[in-house]
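Each chain carries a letter (A, B and C) given by its place in the written order, and its residues are counted from 1.
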Amino acid sequence: MIAPPLLTLEAVGVTYQRSIVALHGIDLTVQAGQIVAILGVNGAGKTTTLRAISGFVGLDQARVTGGCIRHRGTAIETLPPHLITRRGIVLVPERDKVFPNLTVAENLAAVVTAAAGTAERRRREQLVYEHFPRLAARRSSEAGLLSGGERQMLAVGAALLCGPELLLIDELSLGLAPIIVGELGERLKTIRSELGLAILLVEQSAAFALQMADHAYVLENGRVAAAGPAATLAADTDIQRYYLGTAAGERRSYRDGRTRPGACQ
Amino acid sequence: MSEAARRPLLRTALLAAAGLVLLLLPLATTPLLLDLGCQVLLACIGALSLMLLTGFAGQVSLGHAGLLAAGAFTVGILVKEATAPFWVTLPAAAIAGALLGLLFGLPSLRLRALYLAVSSLALHFIVIYLGGEYETLRGLSTGIMVDPPRLFGHELYGGRAWYILLLVVAMAVLLACRNLVRSRTGRAWAAIRAHETVAAALGIAVARHKLLAFVISSAFTALAGGLFAYYRGFVSIEAFSLYLSIQYVAMIIIGGMGSLGGAILGALFVTLFPYGIEAALSTLPHADRYAGAMFASNYAAFGLVMIFFLVFEPQGLIGLWRRWRPASAKAGRP
Amino acid sequence: MQLAVNIVVLAATYALIACGYVLIYRVSRVLNLAHGELMMVGAYLLVTVASASALPPLLAVGLAAALSLGVGVLVHLFLMRRLTGQPALAAVLTTIGLGILLRGLVVLLWSAEQQHPAQSLGLANPPITLFGGGRISTLSLALVLTTGAVYGGLFAFLRFSRWGIRMRAAGQNPLLAAQRGINLNGIYAVAWGLSTFTGSVAGILIALDSGLDTTMATIGLKAFPVALVGGLDSLLGSLLGALIVATAEVVLIQYVDPLLSDVVPFLILMAVLLARPWGLFGSREELDRV
């Protein structure tokens, strides 16, 4: 018998406020240890996909309306967020990723490490401060006063404390200087191979994502428009042109390109 | 006949029949039932005006009893100090209500839901304090007596006369509310309730419409308070506890937010509720033993019902009705 | 001097009650208008404990307070939990319904007569003369000291303990808190438990000092403006709010009109709401969240 994949999404649909359909049936797979990227233009449904995996609370007025999300074969789409986190699927959100009125140390202290003992917890905290020495220096300042990059580090650090086997990262590069993005990316790769993590990465910056990832999905209007090994997608000129913005200028649908091949030639 | 043409006709016929029954009711009942009817009608006026404010304009108030008290005290004081006739006192009550509504409404320009509820709570206590102050000042520690109003040389006295009068007033208020809700003002309220910032962006004068809601609703409420004073023949702050405000809020929740019919259903339910509990308790064995516990049981049961509707049936009675009606309509057709 | 003592005692009473409103609001953004009734239930639990057992007074008080903590947790688990995700107003109205239910139940279970738990516990309450010449009853002194201890404890708990930090986190961003593995329902249950506990301690001490009937719930409601004046999300604010309201109330009753007692908190509340709606110490963003 083959072990089920780490994470699968089968025809997952999500609706906001009972009427706004954000996802129309997404299929996606992440294998253990893999880095998978989700690409797409603004509003394509990337954040919604990650939020569906990590769980909603009632406050969002968001609901998984169809399909199935499985972690190692177990359906998790109805679990509350804290139980999903405790299964080892941990999100680094796009916005509001730290508690602004808590200090850096308190942000880390708030994390629940259910399975880990005190010693293990301390070891992980040590690890976070080792990987992100900037955080150690700002240990007792409020998270709301950190710079964007430091905030991102704190968010990743807090997520690592949760003891993930799958890290969901929404827009690592958002608002960060390219040099910091590169640095964070390298850190992530090191951490990932140290801890044997799988990462599901949402990105605007296609070049960065395709260079990090093993496999990639392109979303358009809440549907998967293209998928494949990162290297293949990076080499596909249509994809490059329509989604990933290497060809500047007019925006058209990928489907348009496919259904009217004449237009491309 | 086509479906579309039959519906309104049927509706009108039904409404006319209901009106006739309501009008003829006093000929065939006991004084006790008539008193109950009058209470329900008074509650209807109060609930309709609160529904206008909360259910349609989206402004929360926990100060409804304060406004009723304001109307009742206006009538009481005018009768006591100036022996004014009802055609002076009742409009005065409505005007007092409107002015207070303006005052109640001012905080709404800065405050949203919860804080607004709290500020109306504060105003409730302030109005009650002023009423109490008047009572002690004039040495009327038990309350103000109000003589029945005189209409065409006759004293308006007795359940039957009052029932008809209140029925007419309640109908008028219902009609006024219905027209308001369907007017431009009503649409502006709906926009404000849905999203204040968006409403402002659409060019709706948010502040003016909010204040208007408070003024109209409070004027109707104070009018109900004034009628209550005449009907009871007696005004005292004891009658306007915070519990009364809560009962009115409960009426519009239980009836169903955002529906005038809901307000009427809620008024009916909440007014009759204690009698229902009493009847239910008296069928139990050893009923006499619970007689002392009646008031408390009533309280507890009322709290339970309120919680039940909030948690399990937030659309209220009207929501239940809407859910059942299509089912029966479907069943009626082949 | 006596005036100052009266002010301090009243301020301590208000502060001890008000911190319950702040705790629940700060953690779960629910305004608990049943707080007065819950604190009354705590006091009535003491009546039962005192009559059903021969425990020494201190133990009886401890047991009743512990039971009330359980009551608070149960209120969350069986009632408020069902309202997560609904508009804030529905939760507030539900607490109003709960308050009415509890008032009815208290009369059904314990009767409407005035109770004197201090007598059944055999507790004496001799006045103590302070150095400045003011007098304070032993139990009032106990109340002032308890308020100090409770606030000290709450500050330390919220600042240093892991659960306290998680409570603050949940209050700031519930979704993120859940994503960091925090069980929101557990946190809310703890907040309700603690809030009912501190409220009940206040209720118990008041009942021991001056007897107990259903008007106690009204004292709880009067402490609510105190919490709002200080800022609903600030413990420090409710301490200051208590001092302001108590000073105004004692002075006005003494020199102007005893009838004012019931309105003073609400008059101050109106003034604050119009000038600084988020309270003296509250954060401004709170206004848009509700």
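Simple rule for what comes next: contacts are C-beta pairs under 8 Å (C-beta built on N, C-alpha and C of every residue); 3 or more make two chains touch, one makes a residue touch a chain.
None of the values given here were measured: they were computed from a predicted structure.
Chains that touch both subunit B and subunit C are absent from this assembly. When chain centres are set by their Cα atoms, the one at the greatest distance from subunit C is A. Ranked by how close its mean Cα position lies to the mean of all protein Cα atoms, the top chain is C. Spacing of subunit B relative to subunit C, judged by their CA centroids, is 32 angstrom. Per-chain Cα centroids separate subunit A from subunit B by 53 Å. The distance from the centre of subunit A to the centre of subunit C, each centre being the mean of the chain's C-alpha atoms, comes to 43 Å. Taken residue by residue, subunit C touches two or more other chains at 86, whereas all remaining positions touch fewer.
None of the residues of subunit A touches two or more other chains. Residue positions of subunit B in touch with at least two other chains are not found. Of all residues in subunit C, only 31, 79, 82-83, 86-90, 92-94, 96-105, 107-108, 112, 221, 224-225, 228, 257, 259-260, 262-263, 266-267, 269-270, 273-274, 277, 287-288, 290 touch subunit B in the complex they form. On the subunit C side of its complex with subunit A, the touching residues are 84-86, 162, 165-166, 168-169, 172-184.
In the complex of the two chains, the subunit A residues touching subunit C come out as 54-61, 80-82, 85-86, 90-91, 93, 96-102, 106-107, 109-114, 158-159, 162. Within the complex formed with subunit C, the residues of subunit B that make contact are 60, 106-107, 110-115, 117-119, 121-123, 125-126, 129, 132-133, 136, 242-243, 246, 249-250, 253, 293, 295-304, 306-307, 310-311, 314.
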